[in-house]
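Heads up, the next two complexes both have subunit A, just with different partners, subunit B and then subunit C.
Let's turn to the complex of A and B:
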């Protein structure tokens, strides 16, 4: 990335005032990046940003509230930071935000599917158009556009919306190539009983690892999560599809009006359950009723934390 | 009390202590005829109702859920029902995404003096649930246990 040097320079400048700066660096193989915690000057060189910078680092912020933290954000990540500010879960003066213009990140699940096998990756070269992965001495050339995460195709905020340092040239608010919820249309064509069956089938393979929750930047309850509480006992400790589905309903509902559709929940799921869809559908309703979008305005109040005496878009039942 | 086999369905009602529970009581004291499918759970305020109660009830065997609180501007705690309205409205819209007919859940307002209105709400909600029939039930640990039972609907 051409502005990588500029980014490193800004981090170098800000680091003396900060406890840590969180970015990304190379990982166990050339196809993956991993979160990188920069504490000393010499850590800066390892920083790498690009289409492998998939993680939403905002997830670390609430846990580091008492520290002076720098964070590198994509456009979508910056929305999580804004939402955390909106809910006063982090303090603006303790966070230094480094933004860059994001041209999209890959979806590892798509690459895995295209290659069939991603063990022993020797190299991975990503250009503007293609992803060339060498696995077991065999080179595979994939189209970058087909490997991008779905959220990147419908992204409207490729530049960080909020930042203290912005490196590179802003792309400007984008008009998404695909209509917002196109991916959801197939689901919406299902009848109501078919939807019930759909969720049961998908959730059947859930292993209740709660990676979806742990990766979510806005799931901040930690040890008090309803999933593990015995009092109230929302979920049993049994292995059954009802509790698996109920947990996803809890997650979606607790994220109502807060979820920025960063997609971390789905990305983190080891068994590829489309859990993001529940939240997207929820957001669609929130947009219809409250004309509201989460994580774009640090001063805005989330819709479920306020009310109007007369609600314009709520029609109560006439008995 | 067990549900009368074949005649009754399971309907759960969450009623606020100050208005709707009083309204239901008024209807009872006035000996208004009402269907008997509803089981009432009293809560301090409609604002106490976590909309996830609705899903939890449906997933655990209820066929319908009714929520009732004080009329807007009449809440004992001034604004509990205003917050409740937003939360419950969202849940109402969310149920069909999960695969429950939206009519399985309604929320409304009944004051302590409105025995008649209570009778009307219960009667028409019970009819609505009977029209929809029993809600899909999740049985067994695996999805296939439920799906094989659902074959007819799918």
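Let's turn to the complex of A and C:
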């Protein structure tokens, strides 16, 4: 990426005042990146940003609250930072934000699906148009637009909304290629028994590892989650789909109007359960009722964190 | 020499169907975009080209299992007395697991040393273990995350299996590894496989040769103990860890569990369910004290247990089968190989004076 050097220079400048800067670097194979914790000058060289920078690093911020932390953010990640600031789960003076103009990140699950197998990727070259992956000595060329994460197609915030350092030229207001909830709206057309059947089938393979919860930047109850609590005893530890669904419902409710739809829950799922849709459903309702979008205004209060005697779009008196 | 039989790919489902008449048969198949082990269903396609997303651990060590059913009742003679009736629930029947990989199946031998030792036997585990046969697929390719050869195994290691199946042209060459395995090779669908033996040996050799040189892990147990109290070391290597249970629950050698009573009204069950040392509650004590308060402490335990404490207790055997699922399925890309090698290479800074 052309502004990678500029980013490294900014980090180099800020690092002496910071305990750590979180970015991304290469991982176990050329198709993946991994979060990179820069503590020393020499760690800066390993930093890599680009379409493999999939992780939302804001997830690490609440756990590092007592430290001076730098964080590199995509536009979508910056919305999580804003949400955390709104909820006073992190302190603005302790966080240094490095933004860059993001042109989208890939969805590795799509690449895996397109190629059938990505266990022995030898190289991965991503240009403006294509993703060329060499697997088992065979090169496969995929269209980048088809391999991008769904959220990138409906992205309206390619530039970090909030930042202390911004490298590269801002993309400005993006016109999303797709409407926000296209897939969800198709799903909503199914009957309730069909939708319920879908979730029972998908969640059956859940292993209850709670990667969805732990990868979520806004799942901040951390070690006090209803999923494992014995008192109150919301969920049993049995391997039944009812408890698995119940947890997902609790998760979605807790995130209503807070979730920025970064998709980390779904990306983290080791058995590929499409759990983001549950949160999108809640957000769609919030958008319609409260005309609110999470994580775009640091001064705003999420609708379910506030109280009004008379809600504009909830007309209880007429019921 | 153990008998070898040839099974045509087109007969695979029929053969498993035969085996399913008297056993519960598990085989890998696609569920959504993940490959998991599920009860054999002739209507559904089996997927054995590559290793499954989740190992067949649950076939012997279920995600949750009933240990005891219990029921409370009031003594009609004395209503202040509550009576409890408890009934042990032992696993019944025999099972066959088809399509696990050598790493997956060897994983159970790590369980055996703990759950079927001379000092103590876990009757629930033993009931399933003794009654489950493994028809294991030797790997004909490897992945970037594979490292079975680091931990004294190989892509064709038959340890823990009853039959080793090697992919050959048009089907599988089945080699009995145990007497129980031999008794499963009686079907009329199987033909004499002697003529395919050389081809199978070639497949095995080619895959073994494709693996790079494994590092020497002999120092791992000692070196991991040396960094035990070095919290900075563990904070650095665990920084990106999310402290979820994906690695543990997909691990063929992780065997920790929780026991809870799940009661509804006057009835309930005592169940055992998977637990994991990456969870904060895992070591939470009743007093409120938690000896592993951070993810650094917890990841240290996970790595230390596999590469140091377990080998120290069990003749140097590393309790990791090298399947690599913890690496490829980690949402944050934590690489256990990197951590072990860092611990081995770690030299404490010498301070003068």
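Heads up, the rule we're going with is that the second predicted complex is superposed on the first by the 316 of 319 C-alpha atoms of A that agree within 3 Å, B and C clash if a C-alpha of one lies under 4 Å from a C-alpha of the other, contacts with A are read in each partner's own complex, and residues count from 1 in each chain.
We take it that a residue touches a chain if its C-beta (ideal position, glycine included) is under 8 Å from a C-beta of that chain, and two chains touch if they have at least 3 such contacts.
Quick caveat, the model's predicted, so the values are computed rather than measured.
Asks: Do subunit B and subunit C fit side by side on subunit A in the superposed arrangement, or is it a clash?
Replies: fit
Asks: Scan A:27 for contacts with subunit B and subunit C and give back first, second, both or neither.
Replies: Touch partner of A:27: subunit C, not subunit B.
Asks: Using the touch definition from the top, say if A:238 reaches subunit B (first), subunit C (second), both or neither.
Replies: Both partners, subunit B and subunit C.
Asks: Between subunit B and subunit C, whom does A:199 touch in the aligned arrangement: first, second, both, or neither?
Replies: First partner only.
Asks: Once the shared chain is lined up, is A:146 touching subunit B (first), subunit C (second), both, or neither of them?
Replies: In the superposition, A:146 contacts neither subunit B nor subunit C.
Asks: Touch test for A:169: subunit B only (first), subunit C only (second), both, or neither?
Replies: neither
Asks: Is A:125 touching the first partner subunit B, the second partner subunit C, both, or neither of them?
Replies: In the superposition, A:125 touches no partner, neither subunit B nor subunit C.
Asks: With both complexes superposed on chain A, which partner does A:250 reach: first (subunit B), second (subunit C), both or neither?
Replies: After superposition on chain A, A:250 lies in contact with subunit B alone.
Asks: For A:45, decide between first (touching subunit B), second (touching subunit C), both and neither.
Replies: A:45: touches no partner chain.
Asks: At the Cα centre of subunit A, what angle separates the centres of subunit B and subunit C, to the nearest 10 degrees?
Replies: Roughly 90 degrees separate the directions to subunit B and subunit C.
Asks: Please work out how little space separates the C-alpha atoms of subunit B and subunit C at their nearest point after superposition, in whole Å.
Replies: Checking C-alpha atoms only, subunit B sits 10 Å from subunit C at its nearest point.
Asks: Quick check on the output: what are the common subunit A residues between the subunit B footprint and the subunit C footprint?
Replies: Residues 204, 238-239, which sit in both footprints.
Asks: So in the complex, the part of subunit C that touches subunit A is made up of which residues?
Replies: By the definition above, subunit C touches subunit A via 31-34, 36, 49-51, 53-54, 62-64, 141-146, 236, 239-240, 242-246, 248-250, 258, 260, 262, 269, 271, 273-274, 276, 279-281, 325, 327-329, 331-335.
Asks: Quick one: which bits of subunit B touch subunit A in the complex? Just the residue numbers, please.
Replies: Residues 51-52, 55-56, 59-60, 72-73, 79, 82-83, 85-87, 89-91, 93-94, 96-101, 106-109, 117, 120-121, 124, 136, 138, 140-144, 146-147, 150, 153-154.
Asks: Would you pull the subunit A residues touching subunit B in the complex into a rising list?
Replies: The contact residues of subunit A facing subunit B are 192-201, 203-204, 234, 238-242, 245-246, 249-250, 252-253, 256-257, 278, 281-282, 285-286, 288-290, 303-304, 307-309, 311, 314, 316-317, 319.
Asks: Enumerate the contact residues on subunit A facing subunit C in the complex.
Replies: Of all residues in subunit A, those touching subunit C are 20, 27-29, 32-37, 39, 55, 59-60, 109, 112-113, 117, 119-121, 136, 202, 204-205, 207-211, 213-215, 222-223, 228, 230, 236-239, 264, 267-268, 270-274.
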